[in-house]
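Down below are the structures I want you to see.
Note that chain A is present in both complexes that follow, paired respectively with chain B and with chain C.
Up next is the complex of A and B:
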């Protein structure tokens, strides 16, 4: 029975972690540039809806992913552009964007709740095994690998590309950025838009792979939890992978136990990711000390 | 690389109706160390910012190597090989030295080949007079190392004319001597011309070849340092023949211990260790100076005494009993604090000057339910007059005043009335020579009348001049204590760096 639970959790973790991975990478990119985007929850939901609708209309789920990325790019661009104005608070703006994103998605998404769109195929990495559970667990979405690739590209980019280093300078020291003559607002606009494009892809995963449908209760706060996840990952893209897998495993705990017939404390296990989020925030926020690795210009840290 | 000479001719610059510079000229010979002297607000920064293209001068012109140069943007100054090291460092703390150097270039490739860049940087470093660790994060470097990195960065950018803005304000005496010596050698070898903005006359005498002095936006004098004495320079800077005399120290400290700190510890903060002070005493009628490189816990200590930082263990005693820095206790024991950044830590910026001047006593002045506004205004008016506070009106928000005037306001408020313990953090920061002398006289007068004074300052000369005893702080600990009379600055500097 332990084996079954572990297997179910492995599979669940690979599945559930993917949206966490995309949103946290997107949030990490934005925060590295010194801005926080709480609106990624809205981007996630809008991305899910746009991806599902596009996939239904065109018959191609990959077109849906592209559309979700573009929707994220636009919504994130809006956030970035408005926050470039003086005296706009990025936290308040992010909350407005979150509500705007989910609202827009619900409004335009109504007609797509019923029809079923073509979904993304999984990659059957468990083909060598006879065990149906193992094959099921190792049926992994291609987006997961895209997310891993994105994490490694970002990790390399923050160290070895002009754009990556510029993002870090702008996010860490506004004085230094001004002295170097860097375009601060443009850099942040780019980082916010690109980050939200990633969050949009995370949304596409929800509607096109797992759970694989569009409805208004699709997201359960992954976009907001990603903010905690980035703190936990110390603003490091590679750590975002581990953190997402951990959150994914926590999220898979409830369903996994259900598969083996544990009905006791059902809702409690479903709450595991939220408990993990709370614990992470409490442990990292202790003593009012500044966090190591935190970009110096983040409004929540100043 | 060869040094270049600069001449500024008849430069004028105004901001609105305020004339920051009028008809200022300065001639800097190639390969020399030139001192640009003047009090706060004399126009030194404005002049160099015009030269470096951050401001556009209204009148006048600049000659670079005897040819007229148009400098309208920082990029123009860049192209000519002119650079500046700012008082507040402009390196990115979370990045390594190598990353900072490469990113300061104009031609950074889109993808950086770190192996090739590191090899090139290593080669460049071999030709440098001082070494900095390429792979260290800038945030982990000591202030002196950072300063060197800034200078190395300018050389890496092939600058041939460099302005250093108050370069030694965050350095220990040893670091300052070393850095200025290296910079002078670079200049005299003909690689670089240096302009140092400073008000430290000792450094001018030891390292500078020639000076230009500004006063209130005008040219006040120039000449070779070997022909000018400290008195001449001071006279040019303040426009009066004599520097104000040092205040007189009267009597010995009493035996009574007014402030006692025992085994004090605070939590670590932002990657820095917290305080760990075994014992620190200040007697009545004594000034104890705390010396140290900034960022070694001085700020934490002021915050503890001002009630802004919780303590983890140990105790703070005033007059022998526990002191928790609450408002009730600070009023009952007559403890006053001038914090760092007084506008942020000691004022309510949107409230008026009158309100801010009454923050200490408005609730004890009478026993009625409402405030006596006219008494508050009268009290504020007397402070404004006594401390020469320049405000457009007493009822403007204190946040609109200049830094020096905010400092005066907080000084006026904290010195007011019966004070038994006075904690001062950089009391003369941002004040002109005359106000500095007045403030130091007030501190000494308070001491002479029996107030216990804890003086935390980044200016070692100030500490040595005013203190009866000096305590050196390093890494959150008091590492050394000695009588101020006859103390050796070099020895204090060693303790400041943690070498015991």
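Up next is the complex of A and C:
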């Protein structure tokens, strides 16, 4: 029974975590440059819809992913551009963008609710096992690995490249960036657009892999949760991986406990991801270090 | 042509159009030209192409659109808030609707009741509400169908398809209507083979695609080889079941297209029967009935055509059970019946047909269902 639940949580974490991973990485990039983009929920939904529509029209799911990334890039670019104007509040703008993104997706997504688009193939990493459960759990989407790769590249980029350093300076201290003559608005525009492109790919995963269809309730707030996961991950791309996996595994707990016969308190188990997040936050937040790692220019911190 | 290319007036577009027509003089003329048509308003809580509850209503509305003398106006994704009052009001004032069908449970009280008091000449018929003569206005009413028999037939089909003798049911919330469906499904399966069990998973929400997919996956991992459900949009469940290579029974609407290999049959609403009745009465100038209920025998509910997953024996068994039901007076819940904790819930010698009020407060899962409602 324990191993069944463990297997379900393994499978769940691999299946459910990818959109969280992409959105949290994108948000991490944006916030490192000193901006918050709550609009990534809208980007996630729009990405899902654009990816599904493109895959249906072209017959190629990879084209769908590219289209989702471009849609994210444009929407993120809009956020970045508008927030470059003086006295524009990025939190308020993000909420507007979230509504605009989901609204646009619902409007143009109508004709694509019914048809079935070609989906992304999974990589059968469980081929060596003869247990169908394990095989299914280990059937992993290529996007998951792309997400892992993106996390490592970002981690390395922030630490070891000139561009990463510039993003961090702009995000940590506007004064320092001004003194160095760095293009603050341009850097933030880039970081926001690129971050939303990642979030768009996260949306493509939802519609093209798991659960693998386009409908209007698809995201149900996952984009917003991913934004919160960035705080949980302390603005560290590698931690974003752990946070997403943990969140995915905790999310699989509810259904799998019910299948093995633990039938009481399913509402409680459905709250598990949030309880786990809270617990880890409390455990890691020791006095004075609560917002360790937070970029200095974030409007919530100023 | 894609199913929804033609006309899918969403909230925003509708509001914009309404604003424009209100000021345009030409609109008045065209409204009057159509004044003889009976204008019928449909309000859906979700998307009308959700392969589920809302689609079942919208399919009936689409048939009405083709009837002469009837003009259908619809609005989808209307929340169960004051928004629905505004929708009803705009349908009545701008489109001239004289008959309104708010199809979601939460529209009834207070929104529809308030509108009914404000527009006493307009008829309101609500899907699922409990209309009471002494409590509610005469220009309101409610209709609903008994779909439990459909799930009973689903259960018989599932019993003929399963090899592991383990079935799965993905349910949203443990309310009586859902429990009746779960129990009917399990009893249908047990009528074929008493050793068959039905594992139930509650997702806690009416529409949660990722959770529903997870539930389907974890059922499949447990060796369950037929699933059915009671959620608002069964699309994701059907698709996930098909991908896992297990069988599925549909619910709400026909989902055969989503699971071309594994679809057995499905319990569907057949709302057109109800709507045609109401509209015929309205066109004839007769008073509309206030309280309408019906099941398979009344054609309020129908079964999907059999899918390739169901063998000849299964088809025959479902046909036979259906013929028995159509004779009338059939009861799925008959004593002695135990719940899954061992308590007697229907004493020996007693039986509850689908119309029995005792069923409306059902709060147990029958023997053979693995799960619990709390």
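Everything that follows uses one rule, which is that the second predicted complex is superposed on the first by the 275 of 302 C-alpha atoms of A that agree within 3 Å, B and C clash if a C-alpha of one lies under 4 Å from a C-alpha of the other, contacts with A are read in each partner's own complex, and residues count from 1 in each chain.
Throughout what follows, contacts are C-beta pairs under 8 Å (C-beta built on N, C-alpha and C of every residue); 3 or more make two chains touch, one makes a residue touch a chain.
Every value quoted in this text rests on a predicted model; they were computed, and no experiment measured them.
Touch criterion met: A:162 reaches chain B, while chain C stays clear of it.
By the document's definition of touching, of the two partners only chain C reaches A:4; chain B does not. Annotation for chain A, partner touching more residues between chain B and chain C: C. In the superposition on chain A, A:213 contacts chain C only, with no contact to chain B. By the touch criterion stated above, A:175 is placed in contact with chain B alone, chain C being left untouched.
Once chain A of one complex is fitted onto chain A of the other, the partner contacts of A:87 are absent, as it touches neither chain B nor chain C. On chain A, the surface touched by chain B in one complex and the surface touched by chain C in the other have no residue in common. Contacts from chain A toward chain C in the complex involve residues 4, 7-8, 11-12, 15-16, 103, 106-107, 110-116, 132-133, 136-137, 206, 210-213, 215-218, 220, 222, 251-252, 254-256, 258-261, 263-267, 270. On the chain B side of its complex with chain A, the touching residues are 74-75, 86, 88, 90-95, 99, 102-104, 108-114, 267-271. Contact residues on chain C toward chain A in their complex (touch as defined above): 2-5, 8, 10, 12, 46-47, 49-51, 77, 199-204, 207-215, 217-222, 224, 233, 235-236, 239-240, 243-244, 257-258, 370-372, 374. In the complex of the two chains, the chain A residues touching chain B come out as 159-163, 165-166, 168-169, 172-173, 175-176, 179-181, 287-290, 292-293, 295-296.
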